[in-house]
Every structure is written in C-alpha cells, then in structure tokens.
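Letters A, B, C, D and E name the chains as they come in the text, with residue numbers starting at 1 for each one.
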C-alpha cells in the first residue's frame, strides 16, 4: 500500500508539469496583448505598461516565463493579478465557495442519485423506472444553461423559494439551486450507474446464495448488492468531484457564485495567465488527489484489490 | 460575465469603461448645515450591484465601479454635479476653498479648507495633494492614471522627467508646488480652459491619499481598505469578488453626510444574476452600467416607476470607414450606408428604447451636446440611400463587411447588416475577429487594394466635455485614433477650444471641429445609450448620472 | 486391453519432438519507478521428454502445475528460461527468426476454451484461412484458400456451407472442431492440444476425442496432449508425463503409468478419479491427499510434493529426488520412496496403507 | 461401502418423504419465446438419503434445484404446474417471507462456483456468522464462536485466525468448505449441492465429497446432488434421476442405472465417458447435439440422436415413464427391451 | 502489465474479480494454467444460459455477425426505433435543409430576416415565430441543424479515431510506450472539457465549426483512448490472440486483425453517446460566445441569442432548445440501446 501510494505520487509529477505547461502554453498563445484587454482600449500610461510587463515577465520568451512562474509556485508565490490581488488571496476566497458549491452538488448527486438508483433497480421495468429513465435522460440532454435559467427563474424569481443568485444567504440556502443545476447531469449518471450496477449484481451468484441463506431482502441489498456495486459509482463520483470544482463555469455565472469557475472564465478573457495557470494547477492537484483517494478507497471497499 | 455589457454590445468592443466622474455632491443644496445629524429618514442599509473593481487605489482606479466606491470615501478638489437641464459639470467640493488661474490657464492656484483629516487622523494639506499626484505620475510606481498629468490631459510642467518607467530624471514634477499648508500651485505647459481644467481635476486620479499609501506596497494595502475623508468609510477590508461594505463616517466634515447607515456593494459577474436578485428583492440597486439586455423588455413592467430610462449616458457607438482602402473611397457611398440604417427602429426593437439616435458625437448631457451636426446625412431614408450608392459608384463586389468581435452580442450589428442588405441591395456580413486587438491589427494592415471593412467601435468618455468625445478618437496621433484620421483644421479647432477660457466660446470651437468631422464623413456616431437602471421598493431617491455614478449619499432607505 | 503393447519409446525412428531440461521462470517484480525483480515463479522446472512420430504424449497434473506452460513453450508463445526444444532434431533456439517462423508450421496448438480461442469478429472461413495468410506457401499448389477451408471443415466434421458463419453461432463442440481445423491447416507434424475437451459436455467430449484420434491416424500427427482428466488421457496417450508444481513426477508409457504407477502423486491422482461404476467405486482403494497445491511462487523445498505426501520423510525436504528408472525402460520417477502400486484395477496392488494427512 | 437408505421419521412426527417433487414444470419467458426448462419432473427424497440429478448442460437440473430452493427469479421464470412439498408442506406459491424462513434453516444449497457465490467484500467468518445472528438471534460474539465451530467442523485449518479473511484468500477447495459450513450451520434437513466439485481439482474434489458424505452421515440430512459427472455420483448417491432437455429420462437406484440402464440416453452417456480402467479404440459417442430448449423436437426429445429411434419416437406424445423394475422408471417406448438387454452396448 | 496500477482502475480493477493469487499468476503469465474445470463449468453455464434463454438455434440460423446479432437485438427495442426516427429525421434536415425550408442559406439573411417581422409569435406564416431580428425561427432551426450535427458527427468520429489509435498502441505494446501515452492521457484527462475549451477557443480562431471540433477532439480523445486501451489489454489476453500468435502472426496483423476489431466495440458506443454530448458542448461554447461565429449559426447560437428575449418570446428559445435536447436525447438513447445490444452479458 505504501509503495503503491508513493508510486502514484511520483506518477503525478509528469502529469502536474504536463498540465501546467499545456495550460501555460495555451494562455501564452492567446492572441493580443493582455494589457489591451485589460485597459479596454483606453489610453494607457506607458509607465503602467512597463510596470505590468516587468511584474509578469511579459517580455521574456515563453519558456522562461513558464519556469519563472513554476519556480514561484514552488516557493509558495502564485503571483498577483493585474489588479494587484494576490492569487493566493483569490484561492482563499474562491476555493471555499467552490468547495461549498461542489459539496452541495456532490451531496445531491450522491444521495438522490444512489437512492433513486436503488429504487429504480428494485422496481425495474415499472412505471417509475421508465419515468426516471426519461427524466434523467432529459436532464442529461438539456444544456445546463437552459436548465440554469429555467430553475433560477422558476424557483428563485417566480416562486421565490430560494435566493436566485449570489451567496449572501450562505450555505446551504444559497447553494441549493446552483448545486442542483450543477449536479443535474451527474446526478442522472449516478442514478443510471447505480441502477445498472445493482442490476448486474442482482444476477450474481452471491446474491443468489444470499437468498438461499434466507437473508432478508434489506440485508441482501445492503450487504451484498450495494457494497459490491459501489466501485463503479465511487469511481465516477471521485472523478466527478474534481470535475465539479472546475467545471462550474456556467453555473457559477448564472447564479453569481464567486467561485473558481467564474474566476477562471474572467481570467481567461483577461489573459491573466497567472490566475488561470495557478487555479488550473490547484484543480489538477485536486483531481490527482481525488484519484488517489478513490484508488485507496477501493482497497477499503474491495478486499480483493491490493496494491503490490 | 457571460454576456458582454449592454453598452459594449451596442457600440462595439471598444472603450466603454465610462470612466466618468462623480456625482454625489448634492445638486440642490450647496452649503447646507454642517452638523453631523442625519436628515430625517436617515439610516438603514441598502445594496447596490457593481462589477468587481480593478483596484481601490485612486490613481489606479480605472473603472466605473471603483470610482463609485471611492467617490463616497474620498473628497477631492472637484466633483460632478447634475445641472437642472440634465447636463453635468464639475464644481468645487466642500474641501476646496478656491481655484484660480493667473495667466489664462497656464498656472493654477488651488486653495483648500483647513482642518480636514483622513479617518486615520492624518491632516489633509496642500502637501497631501502634491505628494499624491507625484506618486501617481512617478513612472516606476506604475499607476494607471499617471497619464492624467501628462500631455494628453493636464500636461503639468516636469511630467516628462518623472514619467519614465525605468529611470526617471526626477521624483517630483517641477510644475507642482506647495505654497503653504492650504495652497498649492500647478504650472502647465499649455494653457487650459477653466472648465476643462476642472473636468481633469474631477477624476479619481486627483483624490488625496494619506502618506502611508504613497509607496507601491502602501498603495496596495490602501487598495484593500482605503482611508478617506468622505461621508462613508470602510471598517473592514473588502472581500474581492463578493462585497464591499461602507459605513457612515461620523467625522465627515462636508455639508451633506449620507442618509443610509451602510452601503453594501455587491459584486456580480453576470448582470443577469443581478437582475434575478433585484426581482427577488435580494438587491436594491442595479444599473451602474445599465440593466442587462435580458431585463430591458420587462423592466418597466416588473419595476414600474422604479425603472428609470433617461437619455444621455456619456457613451456613443460609432462606425468608421477605412481610409487607406478604395472600398469606401466615395463619400456618397459612406453617407448611403448611414442613410440605409434605421437606427430608431433598432433602438425601439432591440434596445427597448434605451438609446438615442446620434446626430453628433456628444450627447445632450454634455454642455453643448445634443446639437444636430450631421443633419440629413444621418437621417434614415432607404430610397435616398440607394440613390446615393449608385451615385457614388457602389461598392466593389457589391458587398460590405462590418467588423465584430467574437463572443460579443452582435445582434445590433446583425440588424444593421440586414438593413444595409435590404435597403441597398448590397450583401452584408459580419467579419469576426477574436478580440479587439486582432480587429485593430487587421484594420491597420489594410492596403489600397484590400477589401475594406467597416469598423464598429464605441467610446465612453472620461469627462463630460465635447473635447473628450472627439479629441482622443480623431486628433492626429491621439491614443485612441484607431482609424488614423488626420485633419489639420480639426486639430486646430480642438486645441483652440481647449485653451479657451470662456465656456461658450470653447464649446463653439469644439462644435466646429465636429462639423469638420462630419464633413469628411469617415466616421459617424450611431447611438447614445441611455442611462437606465432599476431599484427595489426598499430604497428611494435613487439617481444614477449619465456617467454611471450613483448618488449614494442621498439614497433613502424606506422605513428607516 | 491396451492399444499399445510395446513401449513406443523403443520405436526406431527419431523422435519428432525432443525436449531437454525445459524451464520457465516468471519474474515477480516490484518497484516504484523502475521495476526490479524480487523473486521468480518457477512455472516449469527441468522437464525433458521425447515424442516419437505419430504418437501422443500426455502431460497431466493439477491446475497450476505448469502443464499448459509447457505447451505454450513448445509452440513458441513463451520463451523458455532454460532448455532446448528439438523438432526433427533441429534445436529451435539456433534458428533465425525467418527459419523459426517456417518451423513453427510444424507445431500447432489447439486451445482449451472453444469460446475464447476463436475471434468472435471473424467468420469461420477467415479463422481457418488465417494460417494461409500468414504462411502463403502452405497453400497447396492449384488450390484456393476457399477450397482448402472447405476441405478442412469437411475433414473435421463441419458442414463447409457454414464457412460464412461466426463462431458464436456454433456449439462448443463445433467450435473446438473449428479450432482443430485451424491447427491442421498448415499440415503440422505436432499438435499441442491444451485441454481440448475439458470444456465440453460429456456427450460431445467423446466426439471430439474420436476426431483427434482419427486425425492422428490419418495424418500421422503427433500430439502433446495436456489434460487434467486421467480417464481421457488413458484413451489417447501413448506416453504420460505427470507434473507436480512445474517438475516432473513420473513419466512412462500409458500402461506403465496407469497400471504400474510408482510415484505417490500419480497414485493419488489415479485414486481420486471417480469411476462411473458404483460397485467398483465402492471397492476401490482411495487415497485422499490433504491440503491444496502450494503456491508456485513459494514452492516447498527439495521434493515439492513432500508437504502433501503420506510417504514423506526428512530427506524429502532436503534432497531433491532426481528422475530415475525404477521398473521398465522409459519409465522414470522422481521420488525417493517410489514403489509400484496399482490404483485402477480391481486387483488391488499391495503397498502401504494410505494415510490421511491433513495440512 | 454402501449405506442403507434410512427412512426415519422427521420432526413433528412426519413419516412421509422429506421432499417430494411432483410433476414440476418451470418455464422462462424470453423474447424468443417460452422456454420450458423443466417439464414434468418428479422425485422423492427421504431423510438421510442422497439422490443425484444427472444431466448435461441445458437439461434443467439446476433449474429444478433452484425451483426447490425458491430462488428462481420470477419473472421471467414461473412454475405453471407441479408441487414441491417439504415434509408435506407445499412450497410452490409460498410467500417470499415464509420461504425465507425455510431457506437456510430447513433447505440449504451449495453452488458450483464457491468463489462467485461468496460475497467478495465481506469476510467469510462474517458470512457464516450472520446465519447465526439472523436465524438464531445470537449476539455478535456468540455468532463468531459458533461460526468458528462450524468452520472447524468442515476442517478449515486455523479457523479462528482465518475468520476475518476474505473469500479470495482461500483456495478453491477451502472456499467450497466455507460454503458448506455456511449452509449447514442451521442443520438443514435438506441440502442441495449444485455441481459442488465441478470447479475443483480431482484431488480436492475427493476431499469435498468425503466431507459432504460425512456431514450427511452425522446429521441425517437429505442430499440432492446435481451433477453432470457420472463418476462422482456413483458411490455417493442412492438413487439417480437422469434429465435431458428438461425431462426425466430415467430414474432408479444407482446400481440399477449403472448396471441395467433402461434408456438409450443413459446408455449413451455411460458409454461415451472414457474409463480409467480400460482403453478402447474409439469412444462410443452420442451423435449430434443437445436440442435448443426453444425448439425441443416433438415426441421423445432424444430421438434425433438416438440409435433406436423409430417413427413412434418422432411423434407426440412423448413416451411416458415406464416402470421396468421396482423403483426404476424410464421414458422410452422401448424401455423394457433396453432394460432387458441389461445395459448392452446400443 | 507494467502499467497495471496506473489509474486504469475503471476497467482492470473492476473486472478483476479473481483472487489475488490468480492475479499474481495472471501477471506472471500463468493464465494458461487456468483451472480447466472451472472453465469447463463456465462454458457449460454459458451454454445452459444460451439454451435457457435468448440464444438462437445453433443450427439452421442464417449467418450473422456480432453486429448482426446486435441488430437483431436492436430491432426488438422500441427505444431504438424512437431514437432512430428522430436521428434520421434530424439527419435528413441537416443534409437537405432546402427540402424543409426554402431560404437562401448563403446570405446573412437566412430565415428571411425582416426587421418588420420582429418577434412574431408562431403563426401559419412563421411556424416557429420570428426572433428579434425578424428572422424566421423555423428556417433558422432547419438550417441550424447542419452545423450542430456536423460538429457532433465530425468530432465524435475524429475523437474515436484518434483515441482508438492511441489507445490500441498503448494497450498493445505496453511498456514505456504505454507509460508515456498514459501520462499524456492523464494530462489531458485532468483538464475539464469546458475549461480547456474556453482557453483553446479563446486562443485560436478557426473558421466555422472547426474551432469547436478541434477543441472537442483535442480534449475528448482521452476517454476513447482510455477505453480502447483497456479493451485492448483485455483483447490482447484473449485466447484467439494467442492462437493467432501460435500460427506465427506478426504483431501488426494481430493488432489490426484481431485486437482492434474486438477492442473498438465499446468506443463505438461512446462515440454515439459522445455525439449527443458534443452537440450539447457546441451549444455551450456558442452560449459562451466561443462557438460558431456570425454568419455561421447553429442551435447553440440561436439559444444563446434567444436568452435575451425568451421571457417575452419563449418560442425563440423553445424551438432550437427543443430540437437540441431531442437530438441529444436520441443519440444518448441510441448509444444506450447499442451498448446493451453489444453487451455480451446482456440480460433480459
């Protein structure tokens, strides 16, 4: 286990550099001058330009910029935005917000997805099964921005049940609507995955044997079916949690959640490589760690899986 | 954030930060009592939507949002005031005792009232201003607004010595001198008319900062929690991307303290979300830079008289024809294109009446603005347009292109294109560019033989003068003269107006310059956006001026 | 009763296949960045035998004993760690890659599982015709591939009209016939049959066995028949090699092994085979081995069988018994205490009282 | 060593057979049609007795076992006809709740593949102990003690230490022992063993069969052995039912079936398996393939493969079970003749 | 199998129900030593299942490939038919838009835009109403189908092609090639599609649909590669590959003739579902203003511009969004049906 852990950690290194390099290269390839974008065509103070150029090494060749940047990261210096806000400060504000949003979405997809997945698996072929199948597919097929506006308008504005935007009301009130929208597609996937893997397990020999043992249905479901179907679900959820953190660009936009997704979108448009690469780096690390955690969780869930 | 701002959408991708200047000095009660007791009905808390300000250091404050915040916190030399006719003008603040010029606008003496202090206790003296301004102009400090003291605006003597980014010759501008504790003098290279001087001195760049803020790192700390002398102050540092909270400053020396006890600036990156919040009662004021497009259709129905839509924001959209290509060489063709566009129809249908068709480059809210300079050339007439086009020999290939930026809302431009196509029988398409810079690069590279495209741009003024509406765009070598326009007569008229001390004579010079512009017809203004905003039932007496400044101190929280 | 009265090893012709000291180790590796070997699994250790022309050598043993690995080593699917394989007297290790490819034609394999050994996306024609694609020279002059496939199908008892069908449309027995036809296509001298009937139903198993025996006679094929089923082996084999944990336990002719077994392991195996005759079964002497096969990654020392052997003494865990001739010629046994004992006849062989050992 | 069939009185004074299955029919609804997997199977089993159900794949032997156990998935399976009585109590149509009380306590079943029949993510000890907790209401620690006891009974070495191990950590033979331990923990009166040794090596197979026989001796349990292996059955079972395509072909005592089979199919099976004790030039194979259950031939299902087949065999109805000697029945129009020939080569 | 534990757990770890000892044996190549009894039993069970339920008569059946079998399966699924009808209809619209709406699609006036017809509700003249530029929403919807579908089709095709090629190479050759390719896959896998898409689309500008296609392919190939890699590893270990090797088949022959055809099946399903997803992704990028640019338009750009007026003119959003959702749904359902039909373990 320990060896496996170390091995996985070492494997993260090339992925870490590759991803940051890729993002940095892409940001570097963005056309136009960040300052053009920043000053929106207004007259610029040459002194200010020079200041920015110096501070962000904009005149260095790309590769030098990259290593200066990475060097900074390793000394804990993620740099500053053009607005002179420390990127670390941005992380500190944004990450908790995004974490809360992602956690809300995660809980929704976890609880609802698994619960409904179990229900539909048990009622396979029944009207509820068909209905949920259609409903979840509709959720998957509807673009998130359409869903977002509809949900915001209906529950936030029209019915006024929950705040339509912002995080003033705090957790969880402010996060329920965006959390639901963010979770929608994944929730549908979890539901279907749960249903599918449960049905697979239902047909297995050990479930048959458990019935032969005279175990009550609930015990069979809990100890036999569910525990054995968990791995694909955990795999999906693990990858999804990392995706939830970075993929909330649209939801955070619609609901004005000051999280990572929103920041990234703005920073990309402002050509703020420092913020983009920094945040993506954090996301990548989160993604890698999630992966590792999921892997380790396997060992807990399934004693057959041993690492080396 | 998902949609480009409405203003931008209308006029193009260019400059519309509308860095206008403040409006909170009360328009009706100069003077007034100086007691600190709040007027009846004071107190309470309200919220207002802004976008994330770039910075809260005055000399680095280059957007509407930071200045809306700073405007409540720091009092400078001049402030903008809305006149009875709706136009806006800079007026001296309570802090200013007198401003005078001895030699027709070349040397200025500014006297301030004594005994003003920052909330940290530091006294405000003439030296405070001189130090702040030197800090802003000093190249290595990298302050965005340092250029205000340079040739394009005030042109203070000695600016060149301090402005170099790497190794300036001096640390301070020689034209800036402390005369005594309450008096300072400023010597300019070129004379300026009084109104122009006042306009230049009404922006954030001149707001005083305490001595602790006058280093690069000091200014960064200052930006997190500015210290001022105004009716409101910040007790806690702002939470970037979320909110800025101002509370009443009990020690305020001015004549008009704020009404509400607390102002929450709420940061929205998507104004549609803000609109949803306003409708749901979670937000009180929305519209510093207009209501989102999505809201316009229903705003009146939803808000009733809490929806305000008045003409004359300090912005305009304009179309410019490339001069280096042969495509639009004929002036009749250029006029034909303008005449083929029914802007009123577009304003009514796409913008829900939140704009005014332009007949000149200056809206009615600017002194001398709203004059019909263009005349018949800017009046929609399909038949006449077609006739002019034929008269001018048509366009090569019988097609025209209008430059657009990817990702912007191009519906207005599409409508324009459709009208050109319908009314002139000329195929019209949008020519897409990934961003503003790419568009300008392509424009600059056009040669005589290339097919030219029409540049669709926008402009937001820094101050309410006709000068600021035309000089930066069309002056020879001016910083935002993207089309490379150069007309000696125009330059002379602008310069003459700048130095004119008599306000009316000054305006006349500038209007003459505008006429020259329209005479050449290489560019025409399309529309002026209106100032439109909405507020909740929770507040009253909400006014946003054409520059986008909110009269925050005067806003009344209902029921408190 | 037995088909062959004389020991086939005595045949004068040279063996078509000769295996000398064949061994295969698999490394057990571990490492964080670079894998390093930390041990070996000795899957096959020092197996030698000869296979005369047109005869069948059976390799028997429990699962995990290495018998299939021997088959795969012979057919070139694995590289031996040690030892030589001679086909027609030629050492395969000395051949150039090209010559080796040509020589490969002489040894073909029929695999165990008829469900996975045929590519599900290929038609039967493609499957049986593939050998001709790989070795175009194997196609007899003047014959098309299609015709050859038809002939082969006919020969193994499949209707050639089914050539366009896919494997999953056939039953297990039919699929195994397809596999056999594929192996036959190149006219090999030797066929390695790796448990060819163990996956088949009882009534089908006999059909396939008969086919294999017919083909042997018709084409003069030699088989290496890998199986765990001693009853099947008895019907087809001329010689039998008993393996235990990668090593040879006993080798001899079919009568030697079945009627005069001398290795305790062979005896235990024979005794454990259930006989479909209630009376006989009740009267049979039975030896029940204790415990399971040890892991090949950590085999017991010296005689690998000593942990389960009722005859084991101290020497068995100290000194490795070498194969030695105890009774007839060509009958080798690797045991310190080998002793003849008949396990199948009603005439009970004498010998020790079988003891039960529990692990 | 032969054991007499003991016909002992069951609990509650029941004196009839422990299990009686009468005219059992099981069918599966599939998209391609109705599959009649079991068609009129009947047999009886007394306490302490072992019967074998013998057949090739698709013969319906496992389905029969699952029907008795009540663990068929219904739908798609259904039992349109027939009765299964355990000590006189009708099991067909029993509610799931009532059936659950019987399963594991009165009837138990071990499966062919012990690895896939044990829950891979729960320790084997827990899987055994939960039987005690659930059925006997024992506390966690008592259940553990009991489980270790039963593990020792099936001779799992170091049972106490291996309590917490998982199925994959055991060898095939040990897994099957665990399965057996689990299933006999409640001392059921009836144990169904569905190909219990098919997945095991011969040496291990012998160990497991011996264990089963021993347990049965000790507890007077009825045992139904489902298998395709004629060898395994020979010395364990007292009576045999031979199935083909869901039908009973022949039924009788072990000795009768092996010595004097009365059905060509049984004869074919016996002939076609290679014998350890003798070698033959050619194995007498049954020709052809088993039928598809969707298209079972009319008349005798075996007729396409039968060397004796006559016109009468190809027509419905299928031959009835004819008694050829006491307790020995065969479904063949020529049962008597075949029987009389005394198992001669067909 | 040096990369056995390199995060490929979706497949290996999940399918590996074998005990650790068996795993070890597998790893060291002893898999031929599988318990033949267990195997026999497994085969027997397969046959029993086959006989008991869905398989066809072994004899007398017409020749039918695996795909043919899948087709046989599919024909019996209503969902397949419903989604087929939708897909065929949408494809027809995309290929022959002029048959459905007679408007010149080359001019910017697609949809017969006339400002006088500003925001007309659906009527007999304008079936789907008009938008804020006075364009006929019906015509736009019809002509918008092609770019939407083209993005989906081309992107999923290229994704699978690229991903499969890389996946097969990594899975087949293993060793350091696999290690390097797997790390590259990891790098791309860590980038969220939307985020990466925003960066790339901001960075580059391709004409018409190609920018979106490029982004979807560049960021999407990894999932196909992962999938194909694991199915390749699985296929590589199959007996029929061993059989081919025993015949002396070369690596390339084995890879192209045996491994690839057997490994690519699941990725076809992924492609079908991906098609729906990519159509949605195009709409999302267009919504963000990064997708198609004027004068090109798609359902996505229509939805994007409709959101401004959708409260007063819901039809502008309803029709393109409806078509989009329906099309995505159809492809997902189709992928679902196909995957079940191709699933060897399919259970009815």
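Some notes on this structure:
Convention: a contact is a pair of C-beta atoms (placed from the backbone, for glycine too) under 8 Å apart; a residue touches a chain by one contact, two chains touch by 3 or more.
Treat the numbers as computed from the prediction; the structure is a model and nothing was measured.
Within the contact network of the assembly, the step distance from subunit C to subunit D comes to 1. In terms of the distance between Cα centroids, subunit E is separated most widely from B.
In terms of the distance between Cα centroids, subunit D is separated most widely from B. When the interfaces A-B and B-E are ranked by how many C-beta pairs touch across them, A-B comes first.
Put simply, the C-alpha centre of subunit C and that of subunit E have 46 angstrom between them.
Centroid to centroid, with C-alpha atoms defining each point, subunit A and subunit D lie 53 Å apart.
With centres set at the average Cα position, the gap from subunit A to subunit E is 22 Å. Separation between the centroids of subunit A and subunit C, computed from CA atoms only, is 55 Å. Within subunit C, contacts with two or more other chains are made by residues 63, 171, 174, 201, 228. Listed for subunit B are residues 2, 434, 438, each touching two or more other chains.
Within subunit A, residues 7, 31, 153, 250, 265, 302, 304, 308 each touch two or more of the remaining chains.
Looking at the complex, you find that subunit A touches subunit D at residues 204-206, 208-217, 219, 223-224, 227-228, 301-304. Those residues of subunit C whose C-beta lies close enough to touch subunit D in the complex are 1-3, 62-63, 171, 173-174, 201-207, 209-210, 213, 228-232, 234-235, 254, 258, 268-282, 286, 288-290, 292-293, 344-345, 358-359. Contact residues of subunit D toward subunit A in the complex are 66, 69, 71, 96, 100-105, 108-109, 111, 113, 116-123, 130-131, 134-135, 166, 168, 179, 182-183. Residues 1-2, 56-57, 155, 157, 171-174, 201-207, 210, 228-235, 254-255, 258, 268-270, 272-287, 289-290, 305 of subunit D touch subunit C in their complex.
Subunit C meets subunit E in the complex at residues 26-28, 35, 41, 43, 63-69, 71-72, 75-78, 101, 104-105, 108-109, 111-123, 130-131, 133-135, 162, 164-166, 168-172, 174, 179, 182, 186, 194-195, 198-201, 228, 295-297.
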